[in-house]
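In C-alpha cells below, several structures.
Okay, so subunit A shows up in both of these, paired with subunit B first and subunit C after.
Right, the complex of A and B next:
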C-alpha cells in the first residue's frame, strides 16, 4: 500500500472515519489498530521485528523506570548524609547500572537492524578477503528482505529509550501505547523519526476533527504527490538513463544527471514526507519537520540541518553530544592543542564526532561501500568546512569580497548545491569505481553544447515531458523561495476568495491526474527512502 | 447550534458545487484523452437503443463485430445488436451480457464459440480488454468483469478501467487542448454494433478444409467453458434461447467444430457452423472477394452471411419484432 495509491487514500478515509467516530476514550486504540492493519498490508506481514522491538523497548524502559524509582527513594533516604564526592560516586554507580540495561536493549535492537541490513554486506566482504588470501573458506551470507520502516522505527525507539535512560522522559507504562508510538502508520514508510516527547501525547489524546486542519492536511498531501509523481518520477527517467549508461552519458551529462538526481531525491523523499505529514495532520497530529528547503542551504552543515532533519537531530542528540562531551574527546582536544595549536585543538572535540556522525549517516543509508564513501565524503566536507571557515573568511576580507549581499548568498547556495550533487553521484552510481570514472569524465569531457538542441532529449523524455519537468521544478523553486522568505502558502491561500482557491485546487488535482507519472508500468510503492 | 448547522450546510453546498465542477472537468479530460476506437464506440452505442427493442444479441469476438450486419438482417423482421470486440474473453462476454440484459430482453443470444479452446492471456491482451470495457458504463457488472482482469493481472487497477483518464492520461501530449473539441462516446451506433471492413484480401481454402481427418478433438479451456456455461445458465434464467454460431474462417477444422458441437449438445443448446460445406454452398461466398483476412469477413462477405443468417434465424427461432 503505497502513499500514492488509491488503496492508501481509501485506507486513510476509513481510518479518519473510524478514528473520529470512536468514543474519545478509545481513539488511541483505533489508531493503534489502524497502524497494525497498515503494517500488515504495506509491510508484507513483517510484524515479528516490529513486535520484538516494541517488547524489548517496553521491557527496558520499564526496568529503567523501576531502577530510577528505587534509586530516587534510596537516594532520598541517604542524601543528607552524603558529601558532594559521595553523591557523585552514587550517581556514577547508578549510571553504570542503568547503562547495562540501555546497552542490552540498544545492542538487541541495533543488532536486529545490523543483521538484517548489513550482514549480507559484511559476509560478502569477509568472503572477498578470504578468497583474496586463497584460504578456501567462506562464511554464509544472507540477504534479508528489510521489514518496512525498520531503520526509522529502530532509531525512534532507541531515541525514546535513551531519553528514559537520561531521565528526560517518563516512560509509558501501557504496552499498547508504546506500540502505538512506535508504529504510527504515516511514519512507517520513510519517517520522520519522531521523539516521544513530541509525538506520543498527540497520539494518546482524543483529537477532535477540524475541517481546517483536514483541509490543510489534504493540501499538503496533494503537494507531496505533485513532488513525487510529477517531478521525482519524471526526473527518474533522466537519472536512470545517465547513471544506467555511464559510458554513453559522460562529461556534462554527468553534471546534468547529478543535478536532476538532486531534484528527484528531494521530490521523492520530501514528497513522501509531505504525504505522511498531511495524513497525520488530518488525524490532528503534527509530525516533526524533516525538510527545510535543503537546496537553498549556504553550506554543507546548513544543508544537513535542512535535509532529513530528524535523522540529523537524532545523531546530534544521541551520538554527537555524548561523543563531543566525553572525557576522551576533551583529552584528545588537549593533546591536539599541543600538536596542532590552539585553533585546531579547540575545534578537535567537535571535528572527530562530526566526522563520525556523518560517517554513520552514510552507513545508515545502506550496506554498500558507496554509502561508506558517501559518509567519508560528507564527514570530510564538514571537517574542512569547520577548519577552513576562519581562514577563508579572513581571505575574503583581505580580497574585499562583500559577504552581506545577494550575489555572495547565491554563490554560497550554488557552491553547496555543487558539493551536494557530487555526493549524490557517489550514492547513485553503481559503485565507487563508477562514480570516480563519472566524476573524472565530467572534468575531462566538459561540453556545454549538449545543453542545447537535442542534447537533453536523449534520455527517454520527449520535449513535452521536459517542459513539464522544467515548469514543475520552477514551481517548486518559487514555492521554496516564498517559504524561505516566511510566506506560508497554505495560510495565504486560505485567505483568498473561494473562486481563486478552487481554481488552484482544481489545477493542482488535474496536474496530478494528467501530468503525474503513474499507471501500468509504474511501481507506485517505489519511494527511494523506503529502501533505507 | 443554529450557527453550527448553517456552517455545516455552507460547507456541504460548497463541496457539492466543487465536485460538480470537478466532475465536469474530469469528464472533459477523459473525453479528450480517450482512445478513439470504433469498437469502443460500438459497445457504447448499445445504450442509445430504446429499451427492450432488441430481439437478438450477438456476443463475442471480432468476427461478429466485422461480419454480422444487424441492418442487413433487419429486412427479415427482427432487430439485433452486436456487442462484440476483438478477442473478447468469455468472462467479459458474460458480464457484458448480464449488463445488456438490464437494458434489453432479447429472445435469442448468439454466442461466438471459437474462443472456447483458448486460455485467455489477460496480461498480454490489455488493449483488447479495454476495447470491450471502455465502452461499458460503470455498473456492478463492469466492476465484476474488471475484477476478473485485475485478479489475473496484478499490474492492472480497477480504477483505470472505471475511469479511463487514469489509464490514458499520458496521451495528453497527443491532444490539442483548447483546439479540438472533446469527442464523447457516440450515444448511438448507426450500424447496431457492426464495424465493417471494406478491404479485401483474397483467400484460399486450406487443403482438406473441414474434412474428417481422424484428428483428436481439441480440449476446451476450463475457464472459458465455465463462463460459457454461466452465460447459458443466465440465458436460461431469463428465458432466452442460445445459439453457438461459428462464422466462416480459413483457420478452422472439422475437429474444432465437432468439439463445439459436443459441448452444445451437452449444454442442450443449438450450434451452427457456417463453414460446414452445405451452408458454405448456400452462402455463396467467394474467397477471392468476401474476406478481409483469414478470420474476418469484409463488407461484401458480411452482407452475404447476414442475409443468409437473417433468413435462418427468422425460420429457426420465430423472432418477432418488438
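Right, the complex of A and C next:
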C-alpha cells in the first residue's frame, strides 16, 4: 500500500471515519488497530520484529522505572547523611546498574537491525578476505528482507528507552499504548523519527475533528504527492539513464545527473514526509519537521541541520553529546589544547565524535562501502570547514570580500549545493570505483554544449516532460524561497477569496492527475528511503 | 553570573546573550558551541554536566544555564 496509491487514500478515509466516530476514550485504540492493519497490508505481514522491539522496549522501560523508583526512595532516606562525594558515588553506582538494562535492550534491538540489514554485507566481505587469502573456506551469507520501517521504529524506540534511562521521561505503563507509539502508520514508511515527549500524548488523547486541520493536511498531502509524482518520478528517468550508462553519459552529463538526483531524492523523501505529516495532521497529530529547504543551506553543517532533521537530532542527542562530553573526549581536548593551542584544541572533543556520527549516518543508509565513503566524505567536509573557518575568514577580510550581501549568500548556497551533489554521486553510483570514474570524467570531459540542442533529450524524457519537470522544479524553488523568507503558503492561501482558493486547489489536483508519473511499476517500494 | 557571561562572550562574541531566551531554539548556539561551553562550565564551577542535561530548556537563556549550574552545584 503505497502513500501515492488509491488504496492508501481509501485506507486514510476509513481510518478518519472510524477514529472520529469512535467514543473519545477509545480513539487511541482505533488508532492502534489502524496501525497494525496498515503494517499488515504495507509490510507484508512482518509483525514479528516490530512486536519483539515493542515487547523488549516495554520490558526494559518497566524494569528501569522500578529501579528508578526504588533508588529515589532509598536515596531520600540517606540523603542528609551523605556528603557531596558520597552522593556522587551513589549516583555513579546507580547509573552503572541502570546501564546494564539499557545496554541489554539496545544490543537486542540494534542486534536485530544489524543482523537483518548488515549480515549479508559482513558475510560477503569476510568471504572476499578469505578468498583473497586463498583459504578455501567461506561463511554462509544471508540477505534478509527488511521489515517495513525497521530503521525508523528502532531508532524511535531506542530514543524513548534512553530518555527513560536518563530519567527525562516517565515511561508509559500500558503496553498497547507503547505499541501505538512505536507503530504510528504515517511514520512507518520513512519516518520522521519522533520523540516520545513530542508524539505520545498526541496519540493517546482523543483528538477532535477540525475542518481547518483536515484542509491543511490534505493540502500538504497534495503538495507531497506533487513533489513525488510530478518531480521525483520524472527526475528518476534522467538519473537512472545517466547512472545506469556511465560510459555513455560522461563529462557534463555527470553534473546534470548529480543535480537532478539531488532534486529526485528531495522530491521523493520530503514528498513522502509531507504525505505522512499531512495524513497525521488530518487525525489531529503534528509530526516533527524533517526538512527545512536543505538546498538553500549555506554550508555543509547547515545542510545537515535542514536535511533529515529528526535523524540528525537523534544522532546529536544520543550519540554526539555522550561521546563529546565523555571523560575521554574532555581529557583529549585538554591535552590537545596544550599541543595544538586553544583554537584546534577546543575542537578536539567534537571532531572525533563528528566523524563517528557521519560514519554511522553512512552505515545507516545501507550496507555498502559506498555509504561508508559517503559518511567519510561528509565528516571530512565538516571537519575541514571547522578547521579552515578562521583562516578563510581572515583571508576574505584581507581580500576585501563583502560577506553581508546577496551575492555572497548565493555563492555560499551554490558552493554547498555543489559539495552535496558530489556526495550524491558517491551514493547513487554503482560503487566507489564508478563514482570516482564519473567524477574524473566530469572534470576531464566537461562540455557545456550538451545543455543545448538535443543534448538533454537523450534520457528517455521528451520535450514536454522536460518542460513539465523544469517548471515543476521552478515552482518548488519559488515556494521554498517564499517559505525561507517566512511566508506560510497555506496560511496565505486560507486568507484569499473562495473562488481564488478553489482555482488554486483545482490546478493543483489537475496537475497531479495530468502530470503525475503513473504506471504499474510505481508502488511503495519506489520511495527511496523506505529501503532504509 | 559575571563568570558565566565572561565564558559566553568569549565563546561567541557575536551573540547577544542578555535577554535572549531562544539561544538553542533559534539556532544561535550550535552543538559544537554547547560542547565547548559545557567543558568551560565544568572547569569553572567544578561540576559534572552529563549528556542528559543537554536539553534546550537548560541552555536557551543565560538564566537557564545559571539555574543548571546552581542545581548541579547543590547536588
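Assume the second predicted complex is superposed on the first by the 527 of 532 C-alpha atoms of A that agree within 3 Å, B and C clash if a C-alpha of one lies under 4 Å from a C-alpha of the other, contacts with A are read in each partner's own complex, and residues count from 1 in each chain.
The rule is simple: contacts are C-beta pairs under 8 Å (C-beta built on N, C-alpha and C of every residue); 3 or more make two chains touch, one makes a residue touch a chain.
In this text, all values refer to a predicted model and were calculated from it rather than measured experimentally.
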| item | value |
| --- | --- |
| Which superposed partner A:350 touches (first subunit B, second subunit C, both, neither) | second |
| First (subunit B), second (subunit C), both or neither touched by A:368 | neither |
| Touched partner set for A:324, first subunit B, second subunit C, both or neither | second |
| First (subunit B), second (subunit C), both or neither touched by A:288 | neither |
| A:166 touches, of subunit B and subunit C: first, second, both or neither? | second |
| Contacts of A:305 with subunit B and subunit C, given as first, second, both or neither | second |
| Touched partner set for A:240, first subunit B, second subunit C, both or neither | neither |
| Residues on subunit A lying within both footprints (that of subunit B and that of subunit C) | none |
| Residue ranges of subunit A touching subunit B (in the complex, touch as defined) | 6, 211, 462, 464-465, 498, 502, 505-506, 509-510, 513-516, 518-521 |
| Complex interface listing, subunit A residues touching subunit C | 84, 87-88, 91, 166-168, 301, 305, 316-317, 320-322, 324-325, 330, 333, 346-347, 349-350, 386 |
| Subunit A-touching residues of subunit B, taken from the complex the two chains share | 11, 14, 18, 21-22, 25-26, 29, 33, 126, 155-157, 159-160, 165-167, 169-170, 172-173 |
| Sites on subunit C touched by subunit A in the complex | 27, 30-32, 34-36, 38-39, 42, 48-52, 54-55, 75 |
